[in-house]
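As written, the chain order gives the labels A, B, C, D, E and F, with residue 1 at the start of each chain.
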Amino acid sequence: MSNVLTLGEIMLRLSTRTDTRLNESKQFQVHYGGCEANVAISLANYNHNVSFASKVPDNALGLAVKRHMQHYGVSTDSLLFGGSRLGCYFLETGVGERTSSVIYDRANSSFSEMDTFEWEMDSFFNNVELLHISGITPALSKQWAILTQQLMKEAKRRKVKISFDINYRAKLWSHSNAKRVLSTLLPLVDYCSAGKLDAIHLLDIEEAGSDLTYYYEEMSKLYPNIELFYSTLREIHSTSYNTLVGTIWNKGNLYTSKKHMITPIIDRVGGGDAFSAGVLHGLLTKQDYEYTVSFATAASAMKHTIYGDCNQFSIEEIEEFMNRTDQRIMR
Amino acid sequence: MSNVLTLGEIMLRLSTRTDTRLNESKQFQVHYGGCEANVAISLANYNHNVSFASKVPDNALGLAVKRHMQHYGVSTDSLLFGGSRLGCYFLETGVGERTSSVIYDRANSSFSEMDTFEWEMDSFFNNVELLHISGITPALSKQWAILTQQLMKEAKRRKVKISFDINYRAKLWSHSNAKRVLSTLLPLVDYCSAGKLDAIHLLDIEEAGSDLTYYYEEMSKLYPNIELFYSTLREIHSTSYNTLVGTIWNKGNLYTSKKHMITPIIDRVGGGDAFSAGVLHGLLTKQDYEYTVSFATAASAMKHTIYGDCNQFSIEEIEEFMNRTDQRIMR
Amino acid sequence: MSNVLTLGEIMLRLSTRTDTRLNESKQFQVHYGGCEANVAISLANYNHNVSFASKVPDNALGLAVKRHMQHYGVSTDSLLFGGSRLGCYFLETGVGERTSSVIYDRANSSFSEMDTFEWEMDSFFNNVELLHISGITPALSKQWAILTQQLMKEAKRRKVKISFDINYRAKLWSHSNAKRVLSTLLPLVDYCSAGKLDAIHLLDIEEAGSDLTYYYEEMSKLYPNIELFYSTLREIHSTSYNTLVGTIWNKGNLYTSKKHMITPIIDRVGGGDAFSAGVLHGLLTKQDYEYTVSFATAASAMKHTIYGDCNQFSIEEIEEFMNRTDQRIMR
Amino acid sequence: MSNVLTLGEIMLRLSTRTDTRLNESKQFQVHYGGCEANVAISLANYNHNVSFASKVPDNALGLAVKRHMQHYGVSTDSLLFGGSRLGCYFLETGVGERTSSVIYDRANSSFSEMDTFEWEMDSFFNNVELLHISGITPALSKQWAILTQQLMKEAKRRKVKISFDINYRAKLWSHSNAKRVLSTLLPLVDYCSAGKLDAIHLLDIEEAGSDLTYYYEEMSKLYPNIELFYSTLREIHSTSYNTLVGTIWNKGNLYTSKKHMITPIIDRVGGGDAFSAGVLHGLLTKQDYEYTVSFATAASAMKHTIYGDCNQFSIEEIEEFMNRTDQRIMR
Amino acid sequence: MSNVLTLGEIMLRLSTRTDTRLNESKQFQVHYGGCEANVAISLANYNHNVSFASKVPDNALGLAVKRHMQHYGVSTDSLLFGGSRLGCYFLETGVGERTSSVIYDRANSSFSEMDTFEWEMDSFFNNVELLHISGITPALSKQWAILTQQLMKEAKRRKVKISFDINYRAKLWSHSNAKRVLSTLLPLVDYCSAGKLDAIHLLDIEEAGSDLTYYYEEMSKLYPNIELFYSTLREIHSTSYNTLVGTIWNKGNLYTSKKHMITPIIDRVGGGDAFSAGVLHGLLTKQDYEYTVSFATAASAMKHTIYGDCNQFSIEEIEEFMNRTDQRIMR
Amino acid sequence: MSNVLTLGEIMLRLSTRTDTRLNESKQFQVHYGGCEANVAISLANYNHNVSFASKVPDNALGLAVKRHMQHYGVSTDSLLFGGSRLGCYFLETGVGERTSSVIYDRANSSFSEMDTFEWEMDSFFNNVELLHISGITPALSKQWAILTQQLMKEAKRRKVKISFDINYRAKLWSHSNAKRVLSTLLPLVDYCSAGKLDAIHLLDIEEAGSDLTYYYEEMSKLYPNIELFYSTLREIHSTSYNTLVGTIWNKGNLYTSKKHMITPIIDRVGGGDAFSAGVLHGLLTKQDYEYTVSFATAASAMKHTIYGDCNQFSIEEIEEFMNRTDQRIMR
């Protein structure tokens, strides 16, 4: 059991049933999620001591967030209450040839409007071994771009490992802004989720085919401090049918999972976070990379079969699934 | 059939089931409503030509608003698309001793951020006989306080009757701000929904017991231009059981409806708007005030028996209800 | 355990949720019911051998009817399949001051279009001790007015007791038509559900106050063959709150139940049928009339607390309820 | 924006959930639809001025139809109220190897019992550029076979283009009856939806393989007045998985869309109407036939992904989908 | 129409929605089922006179079981009431790569605690032609292992044919226990559902490839009294997609159905029972084995498309499906 | 914030919708609750550090219990996993005159089968100030009667205050058994929930009218070690309408709350536990008894307005409710 801290925004997600368009919906399904919150829940499922740091309004929606995290055993000691609102987004769940679509309504949220740390740093990082954060946070505001770097430095100073998921969102910032900020953050990072598109558009690596090895190598050259890169390859046959392969890059070696056929997809949101958490779990428990990439990809595939952002499977269930797929589902 | 224009904000309403608290809800019921939109729908139910003017975002939520109004036969020719978001609010529906509670999330909405008229005034008011607007609109921003007055003047110039529902909301502005702005608007108003609390807190009339006649008289003295005042008296026995009496004041005469026992209450939101629309319908069709106050109160009582903001009853149904209650329900 | 036969039409009932108007409903609740079917189910709950005779279309809706009756242990050996359609009706469920309303769509149903008996009479009445039928059946068509009389004569000839519930429906026939037909049926009846309004409008008894004794006496004089009359007195405080008192008239004596306060009412449809079945159960098991009127009224009151047309309580449950109410609910 | 009139019957559709048989269903989903109503809604979504002419009963179900059409912006000025009932049908929604099945209950509907035009023809056709009607209408009654021809002649006289979807339903009329009536209608038609089976069974064209070109050519020879033919080719792999190709025939040229893989199918009803409306939109906006057949087929494919009879996508959404499929779904 | 008796345990099944894990479910779907109950319902659907013998508690759950069986026309004359509880199980419904999982809570049920026959044997077997029982019953307790043999002997003595479905459940007994008990039962059996795994693990037949002929032959040698063996071959591509082939072995001949592609699977529980019942129906109505294996497999495939344990299709529907698949679904 | 430990059984609760009988239900609502678990959750809502000790099976249902407690911030460090099953009960929710009814299925649960402490006592009681336990626990088995006393002694030795809710359940033990065991426990108790019926039937106090003062006095004489007694007086007008008054007895003084009218009642289960927790909160925070009895009764009344066993209101909400009722609801 390791002590992990994740920090980021968590939003109210309002989603439709599969068969109805958003504008015709008489009911929305209610869920709460965010990249780092999802990773926190996965890691708590794997029996780590995880704390989630964020800021939410001091009302029933903030309380719902608190209970959502507590439900899965994540500590909310670093969850702040205050500010103006909880960011939210509307998800029209697609099916078959119809893609899912999203309306964001996240401006002016309690978290994005933070302009200073409201935690006491020493107790904040007390006993923490790993900090996980994503590229969404520095994208939220100029202030958060600065705060993110400060946070990483504080972590660094305390020998806390830093995991960073680039998670580029075009609706939040431009390529050029992201490049500028990432260049201040990546030198501080230990583990990084980044793929081919990130390499090309955000790290100025020249496009050269689809071989991941090339991109991972180039990224490693740029940031030799980054011990491990990881990402997934997804083929989208339809909104209801994807395939998924996970990859890890470490010390010049590429580790690749088997290919999962995911059909039907119940809920794709959080699939990437489940993969990240699976990788981090492998690192925290010092598993070999073969196991880790298989575990993380299996966790991500399983996540697609349930409603909601967060992985709801235990280590035992995922391991059973890893073995089972050889025999029955992949043939 | 008269031509009516109502203008105001319309919001997304997300509400819970009666038996569950907001923070524990896994589903929200979805509805769209606002004071002036609700009045528009009532009047369309009574066969008037009604147009609703507002501004909503150019996305699925804006489309939902458009379809909501079209559904009931309200014209959306003056509904603008653009701006940043649709205001929303969360309604925890109470029951018995537990009151309903609301979380507003309406800042920065497409409508509230308007700072100039985006309609062409001549076509906007083309053929319009009555404009209905509420005190929520001038409360939204300094700009809207000015725009509201301008709008009333434009209406006045075109001999359009002006109906105004004070509808004071403490969460939007202070008593002193409201007083200042209302003093610029009320001299332009023809029909006004205002009660004892409005008289005391917003019009500086001295408190003197509970006799409505006194307050109506004093308000009439202040604003002799206002031809007709109206409001309801509600006794709240519990969240599930209210009584309701409607009143109209015209030329020194008070007209009072019978008292309705409303239990159980299915949905109280929009009950006041149903009353306003009932009064306006009486005025537009030149009914006597006895009929009008009975009709408007019956419409409001009926509204409480269905889910959603808007009255869903026809003239015939409400009249049948007015007669029926004498025989069966009131004894 | 007695052998009972009931005959009549059964319809598809499509109803709304309490909080939504029929025209806005996105879902209808599906149920199957009819006066005689409901009585059959009650009597089967009381462990009698009951057979329900009717005709339904030979499709999924007819199958649904068959399974609905079988479910409660009613024999469907006399249920015919064929004809054009299953009659249906739409029920907008009211609440509080808003009454429930019904749209009938029952013309041309398989049952109403029958113009000859399609059963073999000897096996039809084999072992039957009691036949129950209502005034709806002779109202369906001229042919059914004749067939109903023939059926009663066939029953009479076999010493089968005849129970008849007048159940006047203004939408099916006029007072004058009903009078004419009833005068051919009532001389054959043993037990009859009829109240004050039936006495006045259908049996030409002069109106004289509200004392039931007078009307029962006058009806007894007209039809001395009728051994027992019964009916309920219902006060309608609102759609959600009624009171109910049951009455039985036998040999010049009036037996009256206590008054039940029924609030909230979940579903009023079939309340009268539950009362009829309770009376018939008392007769079949030779209970005294005090017990019988209490049992029947309690069964009817209980029926109001569940969704659906049919009483779902056993003898034991109703008797427990009869005792319980003394102590807790009536004080 | 063009002015379009569609005329036909609209029915109440009562459908089951995918996993339950009709006879076991405790709830039905409620929807309203009909061939011409569905086309009207599609065209309104594409910003045309569309009016839907029909006759529905003057009750809550008729009001529901009115609001259903208004909801999507279709004018109901030519929707008549009266007659005896709204036709309805019961849809057991299939899945996988189990096909969907339907029980019709449409006899004696308000529309089918019309025996004379109840509209004033000049205002009825005022400004109309296109009339759309289907083969269901002349199949409803002898009278409607005559009225349909009269209507087409009235349209012709006013230079209104006539679109006709043969839409043969074996449950409504025989091949021989249909042949006789169609031979009076097709000489008046400008655009016609007809496929191979129509050609063989209704137009007496000799069967000769599966090449559509042959059938379109032969039909064009028979009715040179028909400017454009169109139809879809559907392969049914299972109830949940179909493929779809659209075709248009104009001046000897066959235009064919790409093949859409539709899986899972949410709701197939109205898929053909979405295709028809897409073709008509292309014609009204003078698009080329390549675009038109792609647009119409994409609209039809999209329709299969949502519950309900009617296409709910805008021009922009369908065009985006047309482009998107190249990249992701079709490879 | 034949007279059939089935005997076994029936349980309360509590299942989740496809998209939610058991531990997160706020609602369970309620169903009642068991191997022999399911076979009884299938056979009643095929118009046989079927009686289901079991023991359930004398409470609302026992009543629910009674009504469940009556609903489908199965006689409950041999259903006993008493004992301590109804066994239940929790089913987490899987999807795609995620398998379904079950928690059993069946210990101490009213049926499993029976230690003597509570039926009078002569009336119990009165007119019965076929007894169906499964290997679950002797596995429930030592006493039931003995009672099962006694029951078979009673049947044998009365010339009742005995059908036995081995239905091995590792959670109920070990291979060695099962072997011992089965060796006392199989000499009494006429028709037996057993497959390759049963042959190897329970009948000590040496494993030799996947050819079913070998295993059937060896089993026939061991138990020449068994007239007919049957089983299905299922390929599990995913939880949502299986293929199914049915087989029958009789007098040295293997009869094999076509292969059904079942996707999506709505509910797999009871698929095997539907196959068994189809085979028994073929035997009871003396169909040839080609028809019988096709009918039984089609019934099983159809069962997968509806929620619940029990086949809900009639002979006509299954036969139509058998023909239909040739033309449309299998190509 | 105080440190509190509660210990007891927690069960799976399966309940029906208000309008449907248990045996007809197609769905059950799922909830988890128990006397001491409910008290734990209330106290966690009031910001105390609460730990809940129990034993649940190591499966999805046990996990659900863990998450249910974590959700509300209760520590599950003392929640054990193992044993055979989770006890459950079926609740048919009554309405109006129909009472709720329960079927228990709790035998052989993991908790009730415990026969030794599986916690290490020192860490179990580490920092604990208050232990809460109910009379259900010693009623579960002979072993638990002994273990309960041992537990209280361990607590006593560590100066932990002991709160005990007699909570007599006739289905679990007889009066005489309860008397015997209670006489071993009550000498160890500090705070005790006991009412008139407990006094008469379990403590052999002579019945003498309805004045609570008498009974409290007599109980105090018997157990002078008990510092404080408390209980509620409930009038049951119907299943949907109760009134509630709370009482506390301390040092010869009776403290009584105002009378709450609770109508409609959404869910009565856990109402008593909410009262107990309110009293304990008052004690832990050293509030005066007037406040405490008002707070506890208000909390209990509020609990009745939401679905589920556990109070979901904060200190602030309950206090606001205490004040609010004076002004609006009680007049």
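Just so we're on the same page, a residue touches a chain if its C-beta (ideal position, glycine included) is under 8 Å from a C-beta of that chain, and two chains touch if they have at least 3 such contacts.
Model, not experiment: these values are computed from the prediction.
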item: Shared interface partners, meaning chains that touch chain E and chain F; value: A, C
item: Chain labels contacting chain C and also chain F; value: B, E
item: Greatest separation from chain F - chain, by CA centre; value: D
item: Same-residue or different-residue interface between chain C and chain E, half as cut-off; value: same
item: Farthest chain (mean CA position) relative to chain C; value: A
item: Whole-Å gap between the CA centroids of chain A and chain C; value: 63
item: Rounded Å distance between chain A and chain D, as computed from the means of their C-alpha atoms; value: 46
item: Residues within chain E bordering two or more other chains; value: 21, 23-24, 26, 67, 264
item: Category of the chain touch graph - line, ring, star, complete, other; value: other
item: Each pair of chains that touches, named by its two labels; value: A-B, A-D, A-E, A-F, B-C, B-D, B-F, C-D, C-E, C-F, D-E, E-F
item: Chain B residues within the chain A interface of the complex; value: 14, 21-30, 59-61, 63-64, 67, 84-85, 90, 92, 101, 103, 105, 107-108
item: In the complex, chain F residues that touch chain A; value: 67, 70-73
item: Touching residues on chain C, where the partner in the complex is chain B; value: 18-21, 24, 94-99, 236-238, 240, 264
item: Parts of chain B lying in touch with chain C, wherever the complex brings them together; value: 260-267, 301-302, 304-307, 312, 321, 324-325, 328-329
